[in-house]
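Have a look at these structures, which come just after this line.
One chain, chain A, links the two complexes that follow: it is found with chain B in the first and with chain C in the second.
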Partner chain A sequence: MFKDIGKLFLGNKKALFGLLLLTFFALVGIFAPFLAPYDPKNNRVETVTVLSEERDRSRTISREDLDESTEKRVYSQSVHTTYERITKKLPLKGKPSSEHLLGTTHSGQDIFSQLIWGTRVSLTVGLVTGLFTTLLSLCLALIAGYLGGLVDDIISLFTNVFLVIPSLPLMIVIAAYVSVRGVIPIILILGLTSWPWPTRVLRSQVVSLKNRDFIKVSKSLGEKPAYVVFREILPNMISLVMASFFSSTMAAIIGEATLEFIGLGNVSVVSWGTMLYWAQANGALLAGAWWWFLPPGICIALIGTSFALMNFAIDEISNPKLRKR
Partner chain B sequence: MPLATVNTMAEEILRLQGVSKHFPIRSFRRFGEVVHAMDDVSFSLGKAEVLALVGESGSGKTTTASVIAQLYPITSGLIRLADPQAPDGFRSVSGKLSRKALLGYRKRVQMIFQDPFGSLNPTHTIEHILSRPYVIHDKVVYRRGEERRKTALKEQLHQLLRSVGLEPPQQYLDKFPHELSGGQRQRVNIARTFSIEPEIVLADEPTSMLDVSIRMSIMNMMLAFQEQKQVSFLYITHDLAGARYMAQRIVVMYAGMIMEIGTSDEVVQRAVHPYTKLLRSAAPAPEEGLKRNRLITQGDIPSLIHPPAGCRFHPRCPYAMAECSRLIPPLKEVEGGHWIRCYL
Partner chain C sequence: MKYFLRKIGLLLFALFVAITLNFFIPRLMPGDPARELIDRMQGIPPESMESIRIAFGLDTKDALIVQYGKYLLNLLKGDLGISLSRFPTPVKDVLKIAIPWTLGLMGLATILSFFIGTILGIGAAWSRNKRWATLTVGTFIFIRSFPYFWLGLLFIYFFAFRMQIFPIGNAYSIYVQRGGWDFILSVLYHGFLPAATITVSSLGGWILTMRNNMINVLAEDFITVALAKGLPLRRIKNLYAAKNAILPSITSFAMSLGFVVGGGLLTEMVFAYPGVGLMLWQAVQAKDYAMMQAIFLFISIAVLIANFIADIAILLLDPRVRDGGR
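And now, the complex of A and B:
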């Protein structure tokens, strides 16, 4: 099954392109410290050079015989260091140049470096939230779908209630009330507002699989419920689970950017969302500083594209009729 | 219930006594209403007997098999399985069973489903599918060491595949269900069913989704197994001719109730119940040409949520009398072992 998916992923042009895009961003995120030319949070570059180092003569302070063949001495010596520090203030609101590929912010941070470091936060938040949401909704879907009856009714009721609450306003309201600003609250907020849709989709798949004949056969053979759920039902929905992981991740990246853009994230963290926040707070749009607000936007769109492309491929894998022969 | 003893066979293995199965409708508006899938169904299955259950779609045939396979609990009645240790030779299996007792029951009673593709999990190989019964019911010949055990299991699987005519067996073990044809898949299903050597096999229209050309060979294979291993068969079908070919006795069901029980020849050739006559006249008989004495009826199978009062068949019955719409006719014996639920 996994081998199949791997093979189809490499053979499918859309999936391959999506995978390459994701790999590119992942590599950028991982190697951000080596790739970024400047510190993303600092608006000055300091270079410290040691000009000379002078050492005095060392003086003996004390001396002592430990035994017949061993002695111990304590010395003192002082060192004079002469060094220079060159502090270069980066230009404020600089335009793109060879030194600053995407210019600088209102307070002089290098935007290109911010973009590279931002990849790390955005992608991590996206993937962790996607995983969290998918696992949560998969658990709920398996429980509701397999057990049925009252349990299903209760879980479905909550799913439906949360489904009709528009998630963006809910996200904003919760985020505004949470006093801790940072990445982890954002992951939790995004995860807790985005589980209903995948839960609903996965649950209906579980219900339809549960009524298939091979499940009845398993039961009439005497399989344990855990085996039926994890070995008979789950392998048949891997593609749907992956699809919901990709779309949750995509939604999480966009959701994170949204929350931070509104200023509900931690604005001192460098991510694509906070970049947009600062850009908008300093009137980049009015000033026509496209190099400030456009790159993070494009990056978010590209990541979204990569997940969407992989999702198409999953569709083709799970529905052989869509597969091109 | 006198009917429970109606049997031409000497020894009984399974008895259904007044079994009903009502499915509650899970809808707020229709709260409390139920689908009468099975009502007052009583028959017995003899040892090594083939009993056919005939009826149109929605008549409760599959429900009967599922209820016997303990896929869901019954609403009322008794299902009793032969047990030499019980005082009267039968043990009730319709109540709540312990996991161990249920597993023991499942080992004795197995089911074959209609859809050969749907009853094999598409994500597992044939080897995995066929080895599960051995793993669950511990029928692998244990020798020392895991490696030995694996070879023993593989040897068993080879034998099993050969016994259902899938040769050479090693060619099939690594395949996935979608790589097999319909007939081959049904052979795998039958192999799985017989792997744990059950005493009762419930076959739910096992050939209806197969090509006409391979139906016969599958039917003959099941009959051969049945004879060889002295298995009791509950053969569900909507095809009277097939039922007559396979079975010694036929039970005719309509709208969840038994209409007629008798030996195959009696039921097919000397049907008494109007519904059985209708079934017979619906079967194509090319040698008679197109002009035949078709039994004329109107209507469809009735709603099982609000089944008609009285005889379930009376709205469609050409011979319906006044009392048919008021009282449910009791089963009465026409001849020895031939029972009908009709006032005629």
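And now, the complex of A and C:
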């Protein structure tokens, strides 16, 4: 079974590309402290340099000039330009340059560094939530599918009910009531609202496996339920479990960004979602600061695509009809 | 019919769960946000205070079950509490203004994307080894991974800010008199970008669902027979394959509605479109809990009704369900 997965990723171009993309982001997240050129929260790098430059120049000029009135004029001029640069030009000072690859925020934080550190937070939240959701729904699916009967009816009923109740407004209401803002509440809220879909998919697979002959045989041979579930059923649905892990993780990354964008996350943590929150809160859009709100969204989309591609490949493996002929 | 009754039963139970969740969420949370809220609201009439107390479970004299009864009774009377951010307007009245905008925008965008997506999906499955099909599917998989609100930001930046083709936000121009053709034109003009955002981001889902269903149907024996008989290809594509592939697509349409509606809410927030989504955003910023909960209830009910309509559609379209099989 694990050999199959290995073959899947090496033999399928889509899967390989998706895996490489994910690996790239994972490496960026892991080595964030070494890759980020600046401290993502350090403010006013630009402001400081602008101020000192101006002050130095004004001093040298004023020292050289003998005339008192000239000195005054030069001084006031330089003060004026300094002032103008800080108040008016500073947002535009944040433009991408060789010093700041993706420019800076309005208060001078390096966006490229924020993006790198944000990768770490967003990817971690996504993967942990994905794992949490998948384990939760796998447990429910195995219990419901294997035991059947009343237990199955109850679990299936609630799965179907929570499938039709829209999860985003539910998430927002719960998150608004939770007074602690941070990464852990977000993981819990996302996990507890996104289990129904994977549970439904996994359960039907358990039910279909349970009715196969080889499972019936091992049951009639008197194998223990734990053996049947973990040694006979689970290994045969590992690709589906992986598929739901990928889609849960992708949904979690988007969900985290969404909650944080609305302002329901901890806004002092640097993640892709909070970057978008600050960009929106400071009117980056209408200041034309594309370098502020474009990169986080592109990263989310790339991660999403990498998971989608891997899922596509899994679909093709498990459903031969979908393969190219 | 039995299938249909079971579906209705499920939807009614879902309604009950949504209402009950709405009741318990404020009571189960750690801390006491509702108490803070009451403290912030000084000098409001005692009868409104009473309804807020009931809504948040601060009426500690009563047992939980009595509180629940009162909550249900208030809900039946249509009393959803008082909006804090628009004090002292009842939540009901604020919602009334927002609902038509949301229904119009999201209804139109969702139906549009379902039809376009289904047609593209049929095409992508039929000629799936052609380059355009691979390219279309690939592009929309990529777009589907965008967060809705971010695609909205992107559209605003390029089409409203850079090119200045469309307005940046709002649902109509404030310089136009309400009513009349000018107003309708203004609404359509302002609604275009948000509708496009929802349509484009949900398109990928429909394309993919329809494509995969269609490919499954195309592998069936009756298609091979039809091809062998030399029937016109168009007839096979549309009447044989697509007709059979569309039913599961409608089912998944109903199921993913909740997700699309969520995305639509975010789109409204970004475009400052005066619908339920923007209300929700404002309610979150102002910690207007009564408003948030009312919106959650409204959206749940709307999605349940949409599911109900989809079930009727399946009942009418699927002979297996219609003629009492299963």
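We adopt the following convention: the second predicted complex is superposed on the first by the 269 of 325 C-alpha atoms of A that agree within 3 Å, B and C clash if a C-alpha of one lies under 4 Å from a C-alpha of the other, contacts with A are read in each partner's own complex, and residues count from 1 in each chain.
As a working rule, a residue touches a chain if its C-beta (ideal position, glycine included) is under 8 Å from a C-beta of that chain, and two chains touch if they have at least 3 such contacts.
Here the structure is a predicted model, which is why all the values come from computation and not from measurement.
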item	value
Chain C versus chain B on the shared chain A, clash or fit after superposition	fit
Chain B versus chain C as contact partner of A:174, first or second or both or neither	second
Which of chain B and chain C A:258 touches, first, second, both or neither	second
Chain A residues touched by each partner, larger count belonging to chain B or chain C	C
Touched partner set for A:216, first chain B, second chain C, both or neither	first
Chain B versus chain C - smallest C-alpha distance in the overlay, whole Å	6
Overlap of the chain B and chain C footprints on chain A, listed as residue numbers	none
Residue numbers on chain C that touch chain A, as the complex places them	10-11, 13-14, 17-18, 21-22, 25-26, 29-31, 33, 128-129, 141-147, 149-151, 153-154, 156-157, 161-162, 168, 212, 215-216, 219, 254-255, 257-259, 261-263, 265-266, 269, 280-281, 284-285, 287, 289, 292-293, 295-296, 299-300, 303-304, 307
For the chain A and chain C complex, residues of the former touching the latter	157-158, 160-170, 172-174, 176-180, 250, 254, 257-258, 261-264, 276, 280, 285-286, 288, 290, 293-294, 296-297, 300-305, 307-309, 312, 315, 319, 321-322, 324-325
Interface residues, chain B side, partner chain A - complex	66, 69-71, 102-103, 106-107, 109-111, 113-115, 118-124, 132-133, 136-137, 189, 192, 196
In the complex, chain A residues that touch chain B	1, 212-214, 216-223, 232, 235-236
